[in-house]
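For clarity, chains are labelled A, B and C in written order, and residue numbers in each chain start from 1.
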Amino acid sequence: MKRSITRLLMAPSVIMLLVWMIVPLSMTIYFSTIRYNLLYPGQNNFVGLMNFEFFITDPGFITAVANTLILLLSALIITVVLGVMLSALIDKPFFGRGIVRVLLISPFFIMPTVNALIWKNMMMNPVYGIFAWISQSLGLQPIDWLGTYPLMSVIIMVSWQWLPFAILVFVTALQSQDTEQKEAAQMDGATGWHIFRYLTIPHLARPIAVVVMIETIFLLAVFAEIFVSTGGGPGYASTNLAYLIYNQALLQYDVGVASAGGLFAVLLANIVAFFLIRAVGKNLTV
Amino acid sequence: MTLNQQRKLKTLITGLFAWLVALLLFFPIFWMFITSFKTELQAISVPPSLFFEPTLDNFKVVQDRSDYLLHAMNSVITSFGSTIIALIIAVPAAYSMAFFPGKRTKDILLWMLSTKMLPAVGVLVPIYILFRNNGLLDSRIGLIIIFTLMNLPIIIWMLFSYFKDLPKEILEAARMDGASPWGEVVKVVLPLSVGGIASTGLLSIILCWNEAFWSLNLTASNAAPLTAMIASYSSPEGLFWAKLSAASTLACAPIIVFGWFCQKQLVQGLTFGAVK
Amino acid sequence: MSYLVISELQKHYDSYHALRGINLNIKEGEFIVFVGPSGCGKSTLLRTIAGLESSSGGTIELDGKDITEVASSKRDLAMVFQSYALYPHMTVADNLSFALRLAKVPDAEIQEKVRSVSASLQLDPLLDRKPKELSGGQRQRVAIGRAIVRQPKVFLFDEPLSNLDAALRVQMRLELARLHKKLGTTMVYVTHDQIEAMTLADRVVILNAGQIEQVGTPLELYRQPNSRFVAEFIGTPKMNLIPVDNFAVQGDQLSLNLLDSSLSFPANRLAGPLPKAIVMGIRPEHLSLVEENGDFTGRVELVEHLGSEAYAHIQLGNNQTIILKASARSTLQDGDLVHIKVDSSEVILFNESDRVISVIAEEAGND
């Protein structure tokens, strides 16, 4: 087929994504260099890098960056490790495997806002929550999860949500694993662990890369869970970059500083993406 | 123990363990569902009550208070609408990249994925202002546009990997049989990739249905989908767990049932080209 | 008269040259087989004829028309693929009729054609099945049926039998030969299996490294290879090659000294000037065992009994092993010392650049 036709077929997607990327981004860059507070309209003079300075020296800034990365890494490790183990567990047939699979992937269908509400109230509430009841039944002091371990609580919610996604992808991948290869290994004297370690894990290398990549996209932008459950608190203990910027823009009405923060988030995402897309890109069959 | 018995025991233990984990992970959803049929007093009773007389009052309250049906409709229209539009735009692009790759195809694909890396917060303010100036705030159209753009890279990527995996010889056979490029797409490529397109659409619908950031920030009462409706229950109603659960159950039930229904398709579909 | 004419055909992938100037004339109704080792360009050549690969230079003419730049869908060729490439979402009947439906042939005619093809290939009971419900042999027949139904100008086959088991392969080979007799259509067939090539072809095209090494009838290639490559490629087991230590012309004989013995070869069977070095080629069936006065002696290493015949692997004095075809009832034992006689009228000589420098005995006599 002609080069021009293939270009034509791609044009809508490319143009839309290009606009989607460039227009808001250039506006953000512009806003980040002017004074722009919705509470003081009409004072939009150029301020250079002051917004950036202001954002970076914000008391919550360092914490938010750290929280963003901790959240990303913890949730990635939890979902990938548990995802691999659980998908390997349900790879062989057993009684009611179909139902188990349905139960395991269900949390993926729960919206982040509901997710946060269930965990915040019915699971983690220090008085009436299920966790509190379990602690009490065991004769322990109930824990105020959201107050004492806010970031960990958010990590639990997010991992609960994304573990099923990892399981879905890995289960799919395991279906294509060569059974003859496994049988050959068995004849060679490999135990179940050996097969898992030397055949299954390498087989899952590419799916793992894919899961890491897609989850990173979503985990860097975790917002609703924090918004609904901890509100970023106490203090900045569970504030990530996304929430900090949201706080600037919509709670303090400072568009200039929020835009500077937004650019910083873009920068951070690009740093992560740079390594990630490089790693996964190698695994893409193009 | 004979070898056969050993194997059976192993299967039994694996099965029991898998069931245990699955039930644990599913428990929060189960609890939400149960709580939605309780009275407010039963909902916060310690120890938790498992046996009670179910009531439907909570659901009535939710519908009266926040017009569940309107928000559900918004969710359906925005998720399905944007998914269909995104598929229409993505299929030709993925097709052309998979079957007529050029030297830059891989770069273009990675660039598309990288636009997904742009954090929404980074562009929230300009989008908000653009929407406000164009009357798109709190409109279904506005949300559909955002959802379409948001999922387009992932949809293109998934479709690309499906098309890439289609046996090339079948397409060549069609070409030899006299199929035009258009006929090749309509009569061979699309029928062969129905499964792939379906699971791509499914994932997109799930992601749209559960999208919270844009829904919360760009809609208010008219176009708010269920995610935004639920958020409105977070603080003032936070203490009314039964009503909260009823609202949550209503918000999630459609997509959960939908997801269960299409579970097989999803399991087969999510390869992202990562499976050889 | 030439029907399919390929001139100076080139195919480059970046810096890799898959085809380096192919010239070939195929007559109408001929059965042509491309053979060669993997990577020799045989499939690329077929796919370029099909239009599935674009050419980088040269022309392809079919029935007097230049089709080099014609889309494959408009070339009026049919192809049978190695993987069969049946449409998995269509029934056998739909697979068979797909091309006709695309060409907007009237329904009645389509049905008639599908019926006659399915009858001749015994596909009638399978017409409503999907490809995944068929066995390998059945799929193969559907793939062939799909090609026949269109009555194309040329059939192209890309290793069509390589996915079948041995028994089925022999059977399908016969069916293809029968089909060719019945239809009389030009067929171009790619294989790496020289038995398929020898049994099916009117003419065989041997390719090597993107070039045609030799074209000829199966027997010509077997008896009159023009290079060491062809000589070694055709024939199972392979032709034995023994380097000649030195040689000299004595009257009308060329005497070859090798392995402590001397063979004489009629000088009039030598074409061209005397080479710098000579390698002698002799096929296993042209060596025989004698009680005494053999040309070589050697020790039996291994005997392969194939039932109808036996092959003895014999180690010669210079540690080279040659293969000799022995009778099925041969009582040779490993380790036996044997005397071997060479049928010198069947000897083929190669020069230092691996070209053949001898002509076969009958032709030399005719001069």
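Everything below uses one rule, namely that a residue touches a chain if its C-beta (ideal position, glycine included) is under 8 Å from a C-beta of that chain, and two chains touch if they have at least 3 such contacts.
On a predicted model such as this, the values are computed, not experimentally measured, just so you know.
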{"item": "Other chains in touch with both subunit B and subunit C", "value": "none"}
{"item": "Most widely separated chain from subunit A, with each centre as the mean of CA atoms", "value": "C"}
{"item": "Cα-centroid distance, subunit B relative to subunit C, in whole angstrom", "value": "56"}
{"item": "Cα-centroid distance, subunit A relative to subunit C, in whole angstrom", "value": "59"}
{"item": "CA centroid of subunit A to CA centroid of subunit B, Å", "value": "15"}
{"item": "Multi-partner residues of subunit B (at least 2 other chains)", "value": "none"}
{"item": "Residue ranges of subunit C in contact with subunit B within the complex", "value": "50-52, 71-74, 77-79, 81-83, 85-89, 98-99, 102-103, 146, 150, 156"}
{"item": "Subunit B residues within the subunit A interface of the complex", "value": "11-12, 14-15, 17-19, 21-23, 25-29, 31-32, 35, 44-48, 89-90, 92-93, 95-97, 100-102, 105-106, 108-110, 112-127, 129-130, 148-149, 152-154, 156, 161, 164, 181, 206, 209-210, 212-213, 216-217, 226-228, 230-231, 233-234, 238, 241, 244-245, 248, 251-252, 255-256, 258-260, 263, 266-276"}
{"item": "Touching residues on subunit B, where the partner in the complex is subunit C", "value": "167, 169-170, 172-180, 183, 187-188, 191-192"}
{"item": "Contacting residues of subunit A [partner subunit B, same complex]", "value": "1, 3, 5-7, 9-10, 12-14, 16-17, 20-21, 23-25, 27-28, 31, 86, 89-90, 92-97, 99-114, 116-123, 127-128, 130, 132-133, 136-137, 160, 163-164, 168-169, 171-173, 175-176, 206-207, 209-210, 213-214, 216-217, 220-221, 223-224, 227-228, 241-242, 245-246, 249-250, 255, 258-259, 261-263, 265-266, 268-270, 272-273, 277, 281, 283-286"}
